[in-house]
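Each chain carries a letter (A, B, C, D, E, F, G and H) given by its place in the written order, and its residues are counted from 1.
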Amino acid sequence: MEDLGFARVDVDRARRTGDAEVVYGAGKTPGQVIAILRTLHATHPDRAVMATRLSEEALAQVATSLPEASVDAVARAVTLGPLPEPRGTVAVVSAGTSDQSVAAEAALSVRVHGGGVDLIEDVGVAGLHRLLAVQDRLEAADCLVVVAGMEGALPSVVGGLTGVPLVAVPTSVGYGASFGGLAALLAMLNSCAPGVTVVNIDNGYGAGVFAARVARAAGR
Amino acid sequence: MEDLGFARVDVDRARRTGDAEVVYGAGKTPGQVIAILRTLHATHPDRAVMATRLSEEALAQVATSLPEASVDAVARAVTLGPLPEPRGTVAVVSAGTSDQSVAAEAALSVRVHGGGVDLIEDVGVAGLHRLLAVQDRLEAADCLVVVAGMEGALPSVVGGLTGVPLVAVPTSVGYGASFGGLAALLAMLNSCAPGVTVVNIDNGYGAGVFAARVARAAGR
Amino acid sequence: MEDLGFARVDVDRARRTGDAEVVYGAGKTPGQVIAILRTLHATHPDRAVMATRLSEEALAQVATSLPEASVDAVARAVTLGPLPEPRGTVAVVSAGTSDQSVAAEAALSVRVHGGGVDLIEDVGVAGLHRLLAVQDRLEAADCLVVVAGMEGALPSVVGGLTGVPLVAVPTSVGYGASFGGLAALLAMLNSCAPGVTVVNIDNGYGAGVFAARVARAAGR
Amino acid sequence: MEDLGFARVDVDRARRTGDAEVVYGAGKTPGQVIAILRTLHATHPDRAVMATRLSEEALAQVATSLPEASVDAVARAVTLGPLPEPRGTVAVVSAGTSDQSVAAEAALSVRVHGGGVDLIEDVGVAGLHRLLAVQDRLEAADCLVVVAGMEGALPSVVGGLTGVPLVAVPTSVGYGASFGGLAALLAMLNSCAPGVTVVNIDNGYGAGVFAARVARAAGR
Amino acid sequence: MEDLGFARVDVDRARRTGDAEVVYGAGKTPGQVIAILRTLHATHPDRAVMATRLSEEALAQVATSLPEASVDAVARAVTLGPLPEPRGTVAVVSAGTSDQSVAAEAALSVRVHGGGVDLIEDVGVAGLHRLLAVQDRLEAADCLVVVAGMEGALPSVVGGLTGVPLVAVPTSVGYGASFGGLAALLAMLNSCAPGVTVVNIDNGYGAGVFAARVARAAGR
Amino acid sequence: MEDLGFARVDVDRARRTGDAEVVYGAGKTPGQVIAILRTLHATHPDRAVMATRLSEEALAQVATSLPEASVDAVARAVTLGPLPEPRGTVAVVSAGTSDQSVAAEAALSVRVHGGGVDLIEDVGVAGLHRLLAVQDRLEAADCLVVVAGMEGALPSVVGGLTGVPLVAVPTSVGYGASFGGLAALLAMLNSCAPGVTVVNIDNGYGAGVFAARVARAAGR
Amino acid sequence: MEDLGFARVDVDRARRTGDAEVVYGAGKTPGQVIAILRTLHATHPDRAVMATRLSEEALAQVATSLPEASVDAVARAVTLGPLPEPRGTVAVVSAGTSDQSVAAEAALSVRVHGGGVDLIEDVGVAGLHRLLAVQDRLEAADCLVVVAGMEGALPSVVGGLTGVPLVAVPTSVGYGASFGGLAALLAMLNSCAPGVTVVNIDNGYGAGVFAARVARAAGR
Amino acid sequence: MEDLGFARVDVDRARRTGDAEVVYGAGKTPGQVIAILRTLHATHPDRAVMATRLSEEALAQVATSLPEASVDAVARAVTLGPLPEPRGTVAVVSAGTSDQSVAAEAALSVRVHGGGVDLIEDVGVAGLHRLLAVQDRLEAADCLVVVAGMEGALPSVVGGLTGVPLVAVPTSVGYGASFGGLAALLAMLNSCAPGVTVVNIDNGYGAGVFAARVARAAGR
């Protein structure tokens, strides 16, 4: 473990769990994010490290200071170092344009952790025809990540269409009695479709890590 | 208003709002339910009065003491007196067998308040083909009552299929973090389908009264 | 569906549900709102499209960039294109000056979706004489939208005066244990007046869509 | 303080706060209730002592064992010893038959603590004409206790009709999202009528004590 | 009722409930507050009108534009017109310096509504000696307003010392699991001292109105 | 779909999602459970069907009426028909004896849906040595189901030891502020170990279905 | 660890943390409680083992089957084997008779874990004179356990009187908006007296273990 | 007590409870903090006084205006005057870098109140090897303060390793369904490790005061 003053960096972690190193950017200054990314990258030059939940300012400074980094503005995240060869496929499904950011974070997390991604957007429950049109792509995946805010109904509908393992991600999209995503979270926990699991509100990263592990094993 | 000792009966109400008299049976003894039904019927011999939320025991005693009453065991309700001629149509839609009781209460309430009923059961979001098969019946209705427990996703899906006014009824079906229907209630309040309104948990009666009013006006 | 880069616009929706296209403006830049409005208007030149929840800045930019648009500053909304001929009447009832914005959003939504509006303001439960003075207008409507914050009592009182279908809209007006409108929402869900349905907190738009559908059918 | 083994009885309390001794009967056996009542009565033979929240069984045993006690079956309470001369008047107002028990507990508590009572029942917000008919009696009182369940709207309406000090009592009447009286409690705390105070759910006793103190002072 | 464009002013209210006119300043511009105060004052030149919850900016502008107004910076409120002759006494009791603003709002509200005030500050439950030292002043009052944040224990302790009617005001002072005053509110609703009533969080105004009514009646 | 009067049985489901048919026994009579099991078994004679959440009485009657059924008293579940050949391995991990029933339901669900099971009990966070002793078995699994009540810490600790996909199941074990499993649910949703997903409280069945799907794909 | 079929008994625990073995009796049959007590006692014949949360039936059967056990009916607990020599003193303070059971469980837990006990009952915040009368006993203790339900104010008041370490125990005593002890728990967490720590609702055992550890160290 | 206009300073408090004077800086201006510190220091020149929860601005101004003060930027706190000789040892344990500030506040509070500190950081439950490596330091302490956010699991794991009295501090670190530390708070209250007590969210100060009292007594 190295000590940067403001954070000890756990460079052992990849060996222990087989996963990439990730910097949770919320509450960190752009300078801190860049310093941690550099340290992690120096230790793992052969595999991507990632930083998530970056502010506009942090995204801009990383782009300037680490020109070799890859910036994903929708996901509000960056990666540094080569992405692993994808094994298996995770279909990342979302409904509204306001869920795009969480879906993009999930998709990038899948890639960084070694899974392949099929991104399927704009397939909400209020427009079933769009969803039915992608049923083959859902069936072809090794794991599904389904992102939805408001009433959080999409995982139940998708879970009724296919038997592929499904991770649901509630988002904080909504207002009034959505309580920052709590309504969607409760709906997903109570899904009538068997075999739906759930992660925390807006936690695209966690869903991506989990789904990549499932897809890698299925796709080996 | 007549005074029965344990309850003053508001025989004026029908004149004031145009609706039938209804006895909320929870917490009342079978004897009290029967006495109130008799009083209301004597005042309105030409139109049905209704009692809801009856226990097994109350349903049995009413069947014995008021043989002219019509007992609906699924709805746990009885009516006394002739049902009005139906005007307009309310489609009452439900998903699971455990939502049947609330759906039946809603359907009977529609009939007692002068609407016609098309009852559509077993059309949950995890089996879209059943739902799509009844789309014509949904479109043909003047108002929809959609009953669902657990994640409460059905109103959003139905609301995406049709522009008919839709009243959602969350039920207390579920366990764990369903919190007695609260998860379904929140989901319905946050429906992404515009034009969905909601009533209290298990309140089939309230949904039925509302929907009958809408259907009567549309069907006149 | 057209793709504007930041949003796919569902120009099919009107055909599917019979309703207008609406842009939810919260979280969108003024430029995005204007671009979407233009796209929708080009597709439906003969009927109004609407944008809601606009910031002061967005309202001003729309007024400048789309001079043919109609700006409703109280409702924080704009319409573009000719409003449909009104069919039926929705009475939109509110209590305090702080509920005006939600009431105005409801009223405009009714108009855009083809209903007529009778706007009745300043009729709170703490001043019954004002409410009793408008009882005839309430009775003359095909549907009521009742907007109230704080204790949310107005729908119960109005619902006791008339049998017209009533949609209640809780507002986030209040402080302390009002919990951003939750107290009003719970009160309305528990209304002792039968036939009251409820939409999400501050959801004037949803109430307006629903009420317009009811009024159009009743008034045809 | 005397020690009965299962409870030390605070016979000093009346002197300290000027109020009667009261036994909270919930969770106590009939025998314990009777023993405490006897001890309190022996210490204060000249003024009533009271026991509240008694089970059917406790009410029956008190009637048998303490024939000189006065049993109020509706309030589920008993008194022993002469009631004080009433000073001032408390109007106890309630809506439904299901609120009767709490209203009766409040009324009896007022009497035991020295106030006079005017009991006004069946005046709910969904039937304003009954309420307006008693406006004179409301104005004539020195303090109001307003009891309501479900949406808890009655105190706001009464508080708009008169400037008499008003104590609101939410009751646990309701179902679904009433949460055992919480909806009514929140509504009352958020009343738009100024000068409304609130006690705990079903706490007729507390409201009665408070109102008696106000009425005694006003009526002296 | 006069119409100022942004608000209809209810100049009838004083006649109806015997109370002063009050402007709730939160969410209003300084200019609006000043305009409403002027209108109310013109109608009631012989009695004070009040504005509460004013921003720093509004307090300053009122001081400039209405030099005859009396500004209470601690209470964040102003009055315009002569205060009524005080009848009876309300003791306003608070614990910490952070509760001062709510206590001051309560005290001013009492004065505007015709009661006299005895302000007792810095008497928290963690320093009982200060509280016991003012017991005589508590007993001498006709009504108590007890203001407390955090654990909200002060009303229970004061209510055990005296039989004077007591209105408790929870404040939003606290952090962590105080939930903006909810912890204090719940504590006060569950007070073991009989005869404690409660108003909404930070609602010094409501407590003051109520207490003034009680004190005026007791002191006449 | 066949209609048994009290339930339509969806015999199509296995074909659609590849999974077994399951009867949720809560709220059903023993006779209903037996009838549904017989119908499902007749349709799928070659693969096990399952009934969960059975009462003591239902378990006993099934044992008598369906002697060919296999009864799992700890899981409160029965299976009828041959279990599929296990593919892959799910390690089902639990802490206390009070979590045994949920763990057993998860384990049986895995088996019925085609996965193999390694059951690891009594490895709570307050006794780390037991947990460290099974680290090899954790690593050898294709998916983990970790069951825990009270503070729900076990998934975080296990998730820190291994990179195997992990599904956490909160149980309703606990008292006081555990709120029927809500404390454990929230803890699991907030796990600091990446790649933890969560199902509803006590939902061993859902976790088992999901984990079996993951293990089958990894083990093929 | 020994395996009794229904529970593995952790006979190692005392060695690991220096504390006694305790059986949580809720949900266990009397026979199971007795069997576990016997096993634990056989392993630790020289120090007391304890069982808590026993039903009336379990208390009776233990008294019969294990005559050498010591039964504490108020604490609903039993001990088997010699209590350790007390070191240091824990003052266990409670208010009402309804808190007695939790206070007794705390006191017995202190004794079993090696602390001495000074039990101080009936000292509620509504009767300060009783509390002030025991101030010397509070000061003489090495640790305080303060048990209170309803508004949970007692720890704040005691914490203001003394600097002795104080553990607060909320109890589920109360009704209405006490929410099974939640109101008291929140109050205690927000205590204005510094140095107050809190355990779960009704958790006299946990408070006792903690306080015994503190007292033993202080008293050595 | 001295009166500074904006606050009365309780210079008596140290004598009463044996503890230092502390200024809660949140909501106070830098000037107010400095004035109160000066007053307290003048009264207690021989022992440190402390100010907590200081803004960046207040920390800077104190550094300038009171150069003799000691500024702890991580703890966002300052002390003025000599720290007491440490007696006993409190181990302050935390997991993530985001818990550092609360841990530092706890550590400084321990020192100011007379205890010694052993600060142990970066020992989260997802990396057990780091925690096991410090087991000796945990055992050597007289009291533990364990700080954790997110799922709040660390106190349970530490409490299983040692019998030293343990105070848990939940922090507001987390997002989504962590609800500002509520998830961690509930987890800690439900800890399966006996003898864990809890303070309010982020309340490092309160934990430090308590732990110092325990350590001082154990270490004398």
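Definition applied: a residue touches a chain if its C-beta (ideal position, glycine included) is under 8 Å from a C-beta of that chain, and two chains touch if they have at least 3 such contacts.
Molecules present, by chain and UniProt name: A, B, C, D, E, F, G, H = Nickel pincer cofactor biosynthesis protein LarB.
Since the structure is predicted, the reported quantities are computational estimates derived from the model, not experimental observations.
Asker: What chains touch subunit B and also subunit E?
Answerer: A chain counts here if it touches both subunit B and subunit E, which gives C, D.
Asker: Taking A-C as the reference interface, identify its repeat among B-F, A-F or F-H, namely the pair sharing over half of the contact pairs by residue number.
Answerer: Of the listed options, the interface copy of A-C is B-F.
Asker: F-H versus D-E: which interface comes out with more C-beta contact pairs?
Answerer: F-H
Asker: Nearest whole angstrom, what separates the Cα centre of subunit A from the Cα centre of subunit D?
Answerer: Those two chain centres are 57 Å apart.
Asker: Just curious, how far off is subunit C from subunit B if you go by their C-alpha centres, in Å?
Answerer: Measuring from centre to centre gives 27 Å for this pair.
Asker: Mind checking the centre-to-centre distance between subunit C and subunit D? Centres are C-alpha means, answer in whole Å.
Answerer: 43
Asker: Residues of subunit E that contact two or more other chains, please.
Answerer: Each of 127, 176-178, 182, 185, 189-190, 200 in subunit E touches at least two other chains.
Asker: Among the chains present, which pairs are found to touch?
Answerer: Every pair of chains in contact is listed here: A-B, A-C, A-F, A-H, B-C, B-D, B-F, C-D, C-E, D-E, D-G, E-G, E-H, F-G, F-H, G-H.
Asker: Please output the residues of subunit D touching subunit E within their complex, sorted ascending.
Answerer: Answer in residue numbers: 16-19, 22, 142-143, 160, 162-167, 185, 189-190, 194-200, 205-207, 209-210, 213-214, 217-218, 220.
Asker: Quick one: in the complex, what on subunit E touches subunit G?
Answerer: 95-96, 124-128, 132, 150-153, 156-157, 159-161, 174, 176-179, 182-184, 186-193
Asker: List the residues on subunit A that touch subunit H in their complex, please.
Answerer: The touching residues are 1, 6-8, 10, 26-27, 172, 180-182, 185, 200-203.
Asker: Going by the contact rule at the top, pick out the subunit E residues touching subunit H in the complex.
Answerer: 97-98, 122, 127, 175-178
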